[in-house]
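My questions will all concern the structure given below.
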Amino acid sequence: MLKVGIIGAGGYTGAELVRLVYSHPELELVMVAAREKAGKRLGEVLPSVVGVPKLAELMLETFEPERAAELVSRIDLAFLALPHGASARAGKALFDVGIQVVDLSADYRLKDAAVYGRTYGEHPAPELLKTAVYGQPELHRAELRDAKLIAAPGCHVTTALLPLAPLLREKLIDPNSIVIDSKTGVSGGGRTPAPAYHLPEAAEGVRPYAVGGRHRHIPELEQELSLVLGSEVRVTFTPSLLPMTRGILCSAYARALPAATEEACRAAAKSTYANCPLVTVLEGPALPDTLWVRGSARALIAYALDPRTRMVIAFGAIDNLTRGASAQALQALNVSRGWPETLGLPEIALFP
Amino acid sequence: MLKVGIIGAGGYTGAELVRLVYSHPELELVMVAAREKAGKRLGEVLPSVVGVPKLAELMLETFEPERAAELVSRIDLAFLALPHGASARAGKALFDVGIQVVDLSADYRLKDAAVYGRTYGEHPAPELLKTAVYGQPELHRAELRDAKLIAAPGCHVTTALLPLAPLLREKLIDPNSIVIDSKTGVSGGGRTPAPAYHLPEAAEGVRPYAVGGRHRHIPELEQELSLVLGSEVRVTFTPSLLPMTRGILCSAYARALPAATEEACRAAAKSTYANCPLVTVLEGPALPDTLWVRGSARALIAYALDPRTRMVIAFGAIDNLTRGASAQALQALNVSRGWPETLGLPEIALFP
Amino acid sequence: MLKVGIIGAGGYTGAELVRLVYSHPELELVMVAAREKAGKRLGEVLPSVVGVPKLAELMLETFEPERAAELVSRIDLAFLALPHGASARAGKALFDVGIQVVDLSADYRLKDAAVYGRTYGEHPAPELLKTAVYGQPELHRAELRDAKLIAAPGCHVTTALLPLAPLLREKLIDPNSIVIDSKTGVSGGGRTPAPAYHLPEAAEGVRPYAVGGRHRHIPELEQELSLVLGSEVRVTFTPSLLPMTRGILCSAYARALPAATEEACRAAAKSTYANCPLVTVLEGPALPDTLWVRGSARALIAYALDPRTRMVIAFGAIDNLTRGASAQALQALNVSRGWPETLGLPEIALFP
Amino acid sequence: MLKVGIIGAGGYTGAELVRLVYSHPELELVMVAAREKAGKRLGEVLPSVVGVPKLAELMLETFEPERAAELVSRIDLAFLALPHGASARAGKALFDVGIQVVDLSADYRLKDAAVYGRTYGEHPAPELLKTAVYGQPELHRAELRDAKLIAAPGCHVTTALLPLAPLLREKLIDPNSIVIDSKTGVSGGGRTPAPAYHLPEAAEGVRPYAVGGRHRHIPELEQELSLVLGSEVRVTFTPSLLPMTRGILCSAYARALPAATEEACRAAAKSTYANCPLVTVLEGPALPDTLWVRGSARALIAYALDPRTRMVIAFGAIDNLTRGASAQALQALNVSRGWPETLGLPEIALFP
């Protein structure tokens, strides 16, 4: 059993990490931290653990990067669910003292410090960007083996990357034509109340946000798509906020290259994900629903081709908090440790 | 006061017509029909009118096209909220006896009987397709004047057409590059229970449907876009079903032509809709939310341009049952009668 | 046309007042105030009025009670949608200069300043408590005529009072046995974001609040029930927060007195509300749904009797923002002015 | 590993059983049956298992009671998620051939065949009613040991019974005064589409149903409460349908006996459930939310006392499909087999 700490345990990805770590046969949660809620018991902060022995009584701590060395004797690995910037500092401190780090923020996902700088501001530990491994197990499995610093991918990026990667790899779409319409539940916005998430104004409407190429996860998505293709890819990316808590549906559009058929798209995906137990390519006319993966680590993907316009439509559906954050972090950890990829992960959705 | 009949009063567009006709100062609802619910009182079928004097006690009738002549003495105009096919027959029968018809089905929207045939099957009254006026007041105002047979547009079509028309008219987008991602509440699926609309499987997930160019309203949309451009337009159209009752958000993507800027797009729309009280072009960074038009006849439109990819993103937001069906039908009627376009229509949304 | 000001126009009851005043044939909205949002245009604060001529451009002002006299030339009457305490001061200032006041807060509802003091703190204008008329038109119609200071009732109180009053009046229930379980949508909590209304934590669960007799509207409810009975009534009142925006369903339980049958309960209600166009007593086995009154001024009531336990169950269903606040305020105004009680009020729900 | 069959695997309790059995370390799902869906693969019927090895490919069978003997070699135990009547016959057939049965229907819950008859019609196997053990582990733990025929309790009953039992046992409430207001999500209504569960008419409203003592689970609840008290108890029970998928909140009201205080109520519950890992008594002012137990086997209970009316309010909150059906069935199985009560059960909620 590895001893685990979760830094930033009071938010939604923290809550999901707690749920998943508790069920994982090789992990034991021994330490939780949350800046503003330090001094409270976990059961006071996460109502989902009320009554659970050991968990509910865990005391939330304050994590100070400069005192990371004190944790060496307490934990073997740490999950970071912190805001960007803070996460980079915490990750470096823990990594430097030899604690394995799985960072769920954006801080170690980008390989290019200049791109990070334009998007988030100066990086506090740019020297680690090359060390960190991008934690998308399906596309970085070999690198993840024994990785000590893992950058768990973003939720919008995961949903788009999984269906698009096979199409780029097999030259089925024009890489200069990609349009991504990403529909997300509101839990991705975090646990802090705000007008955009106030039930009366969020529960019965849909709206776009961060349009015109302004969403901060675009550089991450383009980095990964470019890596798959072997040359630079730029995408048009527009997210919309839906009246639901969990789930992302990505609808990606691209001009079909001559070899593209619906069957060829599915075949490319099946081949790419042949040994990937947590990606399912839907057959024939089936189309994904985010409800079908709620609470599970699975990603569903599907393809359609409009024969009149020769546009490919690629769909991805995940739970943003599970596959889009916490479960994918554990999946990457599993790979890094040489454990079965699905170890301890929920494979069946909470349905309905 | 004109005497009004609603044929197909038991469904959701029927319910919305009842609400709107009741508030309209020039209309009096005197006759309602609904095949399966004939013999019941309206208050038994539409819980929204329980307790409303006169309305709740109206008896639902069976409408038989062959007995249309008997209605001449009872009603001046009829709204049809029937399935396609049935609506064509009802519309012809009423038109032939001189009753003004506003048809909310797809039956009189297409100008080309062959296109109708490929989409819905043989048209029972193809000779009327040229007579019927497409009831989009903003784009067909002159033709609507004195129109006796009005085909109220479809909800997805309205949401896409309003933001795209100005861009095509002003040559701001490449007409061969249009991708439309249309997000709709489930009330558009009608009042008959089905697994896709069963709350436990519809309330907390999102899913695409009718993908790959298969949605039946594509020919209607292409007809209208082509008319605006003056040459044939084809679009890639993908609808998704959202966990909410009312509202459609259209996100349309197209390659910018050199003249396109966000400001130029807005200016084109403001110019196109300068005298249109029920279309509002949002300013600067504002983006529409379907909640902001719930229950109202208004359409909100907005534009963004991704400077990196030179893609224009055009947004439209409406209430699918109000602007997307029943209110637009009344708006077209107002224009046909020479009344103020907004007469009797709800201009303020039910918020929140 | 009377000139109307709305003080506190930026919240949900303010939004609903704007919608209703706009449709009212005898009222013209000329002045809006909202402390924190002063200086903005109404269309920036209430997205429901975006695009509406005149309304969207109205500038929000700051209302200062000491300058109430300046308003005499601008408005004939004011609706107050302010927090308690502030509302009492604003109401007094306006009343003193001769402007008719309809106060939607709790400040002028209680007749006993001591009870107010125990519930909310010292009343700033106790001398007006006897002057103010409790604005429940069905139960205070005569007093409302020409009333200059109207206290619009609370939403939970309205939903419980309407079905219970006939039972007390006709001696059908034991007044010492009343238990009220009131289920409300979250819009009653107002427009300020807070954890309890954060969509991810409010959209898929139900929870009680203010239990054990601690809800502040209990004294108001007991005052009115006692008035109906002619002697003191105490109730057990428990509200629960439901995952929806609008609507209150009250389920009230009381021990049946010998004369009580389901039919006797209905007959009592029909008699009590014989001339009340906005209360509908459901027939036979029909039971109310809050969706059936969404956006409307109507209250639905129904009764059941458990023959095994001889308990009466009385149901009330309203829209908390419409009948429970803003529409009832206009209804009371209509009565005070001698206009038809339903003038300008929505009688048909937004369904679905 | 015991081999498990689920008869009635295509509905919601079936789906939840599949999820839970899959995670249980001592159980292996080897057989699934579903009358109308026989011949399909489980992955076609339950989208939650798409992509899950072994599960998705399981073929749905038809179960015929007369051929129960053929199952002896295939399964050790069967869960029945069938309509009442059908479940009684299936249960008897399986029991007779020596297969352990956990029945999730109402068929073996009532001890008195006459009461069953009045509620559901003649019982097909009344001789087994005394043999069957009521599967509420907290109250029937000793009897469950080695039970071969277990009747898993109903969801409304569980939610009311858990908070009320300690109060009756400790004589803290008047047993003749109990009023139960039970608020449920719509998944309890099953998977068959119907108007009451059609999203547009169910998603934004609340309504009572089966009022006046007509709900069929009242005899079951009274049987269990009477057993706790040692004499007959009758209750007034009113369910309401909420706009959400999962969860039941029970608010139960009863007149306090002299010994009752909030603290005494909590102490009674803590004592009753001292060795019950899946019942949590909330402290002090905390009140339960059904979201806090979504997908978990836990029941939350809490108490309040209105000092003015001396009414106790007892709250219970569960997930109707998990603790209210499938997880409680497994919990009872665990007890029957002598395994740890929580073995394989989800203890942490899916939050948010």
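Chains here go by letter, A, B, C and D, matching the order in which they are written, and residues are numbered from 1 within each.
Here, contacts are C-beta pairs under 8 Å (C-beta built on N, C-alpha and C of every residue); 3 or more make two chains touch, one makes a residue touch a chain.
Remember, it's a predicted structure, so these values are computed and weren't measured experimentally.
In terms of C-beta pairs in contact, the better-connected of the chain pairs C-D and A-C is C-D. With chains reduced to the mean position of their C-alpha atoms, the one farthest from chain B is D.
Between the Cα centres of chain A and chain D there is a gap of 35 Å.
With centres defined as mean CA coordinates, chain D is found 39 Å away from chain C.
In whole angstrom, the spacing between the mean C-alpha positions of chain A and chain C is 46.
Within chain C, the positions touching two or more other chains are listed as 12, 187, 200-201, 203-204, 243-246, 289, 291-292, 294, 352.
By the touch criterion given at the top, residues 12, 185-187, 191, 193-195, 197-204, 243-245 of chain D touch chain B in their complex. Only residues 12, 15, 18-19, 22-23, 46-53, 55, 187, 204, 245-246, 277-280, 282, 289, 291-292, 294-296, 298, 300, 347-352 of chain B touch chain C when the two sit together in their complex.
Every residue of chain D that touches chain C in the complex is listed here, in rising order: 179, 181, 183, 200-201, 203-209, 211-213, 234-236, 238, 240, 242-247, 249, 251, 253, 262, 287-292, 294, 304-309, 311, 313, 315, 317, 352.
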